[in-house]
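Next come two complexes, and both contain chain A; in the first it sits with chain B, in the second with chain C.
For the complex of A and B:
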């Protein structure tokens, strides 16, 4: 409850400031008018259209980048020589920020859904790759022995032993990647792509609507927060403490 | 211990790994030469390299690189100082932690680039705007790490402070901050990555001269060699700054037994 005091006091103070000195202008808006703009945007469907674009790109990119990351992560997690062979290449590619690929995606795909999808996929690829590799490494050696004892083939070994054992940490990777994906989607929209929540904020700024700008920011916060909270809830529900084991390593 | 973990084994694997990376680049060259992908979209590494060399020879690319690196470092240093200072203020008191913590946790997951429109509104399309964008977006890891470092002081250390009758400031300076240093350094590494990202985003948005803006312009004018050269340079900035931080970490954290 104490946590609520500070934001409430700050908002009330801002509102009083706005009413006494009239700070409302082309640049600033009072908390009440921000809330009004956020409410209107929710009613007239602006939020829904923008959010569905941003979220569908995030999920699509997560699916593509996540699958690729999972496959490569399984490969380098299970086959040590490949891991060692790829070290330099991966270490060189990893520091390239996703946003630096915006112009390349722009050049190839033009503005639109696909270019955003590619960049989000690239962003989701790394956390999943790294978590998959770590999850495979973290499997108890005894399970490896069991799989050898049972003379399981490579496919059965992955399907029956590795994936179930690594699943909790894979889900942690998925959750992290989803957060990264949403952030990147909004960033791409703010930087270039004229769709979605990020663009809605930029558009409000460019049309001198600070109330709508802060209102849309509020929506980004709420949507992003619920998205994370939902994944965290799912993680706790599905895996409980199992997901916490070595999750920070 | 198998032979792979020995020193020569490691060097051999490193060489093999380098060779593999070289093979990847050769494959890229081959694909470009055979025009499997249109050269408009994918220039060979030779053309990207030529573009970089021409750019550096004319001094233009070097200047842009410098501007980008400068912005990144200014923003990073500024946000590190702000983050640690603010974190110290909030972290040194349990009361402040309980009042401000939840708000900070709520704001933190917001996409950092979402600050950009606010920065533009307040400061226009300027260097100040980019700096504000970087500082506000990058401050979170440092801020939260400092607060966490303060919260996680071993009770025995606090007792030692009591016994030595340290004043509040002395406790912060001699016990709490050193205790938080490993966390802060780790967060500064993350911060540098975010700072680079936001520098690029900021340059693109505000049209300020730098690598971020020049790759966007190159893409708009279908100048693929310069575009790829720029992207590779940005990757190198990230790589080199990470390596430097690695070295700094190892030097500064020598006193820590674990690791």
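For the complex of A and C:
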């Protein structure tokens, strides 16, 4: 609760400043008008439409990129030769910013949902791939030996030993990727794609509505925060004990 | 069970093997060693770790391996386990060369914390071995209960490893190994990290369980007294490169007792002899 003191004081001070000097202009708005605009946007459905587009591309991209990242991460984590074979190619591709793919994706898919989805998926792929590989590498060699001595089959090994042992770190990867995914989705919307929260911010700016622009930013903040809070809650709830293990090792 | 009962039970088991149909083969074979090292050498990154190891271990024998650190005790154990392959020579188990881990050879690792699955309960950890062996789901609970009972964890089945003491965790690992119904139990300094009282308690528990099941045990330790107390035979390794330096037959009566066995003049004589020997080879 103490953390809220500073922003509240700042907001009140800003509001007083705005009322005394009248700073309303084409690029600034008073906190009260921002809140009003945010509230109106929520009531007339603008926020819901925009957020459902942004969130569905984020979740869709996370699902596609995350699954591919998980599978490839498992493969290169478990099979040394494949890791050596792919390291150079992967290290070369990784630094290419996801948004640099916008022109290519635009050519292939045009504007819309699919183009954004592909770019988000590419962005989510990397953190999951790297965390999966690290998580598999981080499993204590003793557990590998236990699984060898018990003669567990490959599927049982992955399902009963490797995945549960790697789970805490995998979830960290998922949370990282979710944050990255949301950022990329909003960026794509601001840069080109005329849908979602990013476009709503852009649209407000271009129609000289700073109150609505800041209002939509407020919503992006709230949605991003809730998204991460939900994942944290899920992590503690689902993998309480496994997360504990990760913290200890 | 009295001393006499235990000894006669073991004899009875052996004689049964001789007279009952298919068991005849086993009885005949028991004259042969169960595990044999033939001129085994092992190099690791250009360094010779083991040099010309020749050893045989008989059925139901309890063999302890001692020696200074770096003499290849654990490496020898891992060769039998099939976790390592020799550079030259071979290890023969049950008439066949060891190429990979076998389901009837179990390993009790020293670091029980790393060897147990922290996300599974005690019962779940034992269950892992049964799942691996393809024991039907319906049979598992009874067998798990019996195994946990055997190692004195009957009422801790729902506890997670992190909620158990070191001694209990090691007993849990032993229970999981017993679930494999192993012919050979390989123990790698299993009690090295435990306090003296827990250690003695577990030594007796292992002796009792092995006596009941007739399992062959290969036990690595750096504690000479522990080796003499447990073993039928103590193998002393010497380092650089690791080789068999001397083999001591332990002719102490069974079942052994923490007080009387350790006060036995023969025990003291052996302790002196092996101690002197190890000191000499280390110097």
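What we mean here is this: the second predicted complex is superposed on the first by the 237 of 249 C-alpha atoms of A that agree within 3 Å, B and C clash if a C-alpha of one lies under 4 Å from a C-alpha of the other, contacts with A are read in each partner's own complex, and residues count from 1 in each chain.
Rule of thumb we're sticking to: contacts are C-beta pairs under 8 Å (C-beta built on N, C-alpha and C of every residue); 3 or more make two chains touch, one makes a residue touch a chain.
Since the structure is predicted, the reported quantities are computational estimates derived from the model, not experimental observations.
A.B. asks: In the superposed arrangement, which partner chain does A:164 touch: chain B (first), chain C (second), both, or neither?
C.D. replies: second
A.B. asks: When the two structures are laid over each other on chain A, which of chain B and chain C touches more residues of chain A?
C.D. replies: After superposing on chain A, more of chain A is contacted by B.
A.B. asks: Once chain A of both complexes is superposed, is A:198 in touch with chain B (first), chain C (second), both, or neither?
C.D. replies: In the superposition, A:198 contacts chain B only.
A.B. asks: Would you sort A:156 into first (chain B), second (chain C), both or neither based on which partner it touches?
C.D. replies: After superposing on A, A:156 lies in contact with chain C but is clear of chain B.
A.B. asks: Considering only the touch criterion stated at the top, classify A:11 as touching first (chain B), second (chain C), both, or neither.
C.D. replies: Touch status of A:11: no partner.
A.B. asks: Does chain B (first) or chain C (second) touch A:55, or do both, or does neither?
C.D. replies: Neither partner.
A.B. asks: Which parts of chain A are touched by chain B and by chain C alike?
C.D. replies: The overlap between the chain B and chain C interfaces on chain A is empty, containing no residue.
A.B. asks: Okay, in this complex, where on chain C does chain A touch?
C.D. replies: For chain C paired with chain A, touching residues are 81, 83, 100-103, 105-107, 109, 111, 114-115, 117-119, 128-129, 131-133, 160, 162, 180.
A.B. asks: Okay, in this complex, where on chain A does chain B touch?
C.D. replies: For chain A paired with chain B, touching residues are 2-7, 27-28, 84-89, 91-93, 95-104, 106-108, 179, 182-183, 186-187, 190-192, 198, 201-202, 204-205, 210, 213-214, 217, 220-221, 224-225, 228.
A.B. asks: Which stretch or stretches of chain B touch chain A in the complex?
C.D. replies: For this pair, the touching residues of chain B are 4, 13-14, 16-18, 20-21, 24, 40-41, 98-103, 106-107, 109-114, 116-118, 120-122, 193, 196-197, 200-201, 204-205, 212, 215-216, 218-220, 222, 224, 227-228, 230-232, 234-235, 237-239, 242.
A.B. asks: Please name which positions on chain A make contact with chain C in the complex.
C.D. replies: Residue list for chain A touching chain C: 140, 142-143, 145-146, 148-152, 156, 160-161, 164-165, 167, 241-242, 244-245.
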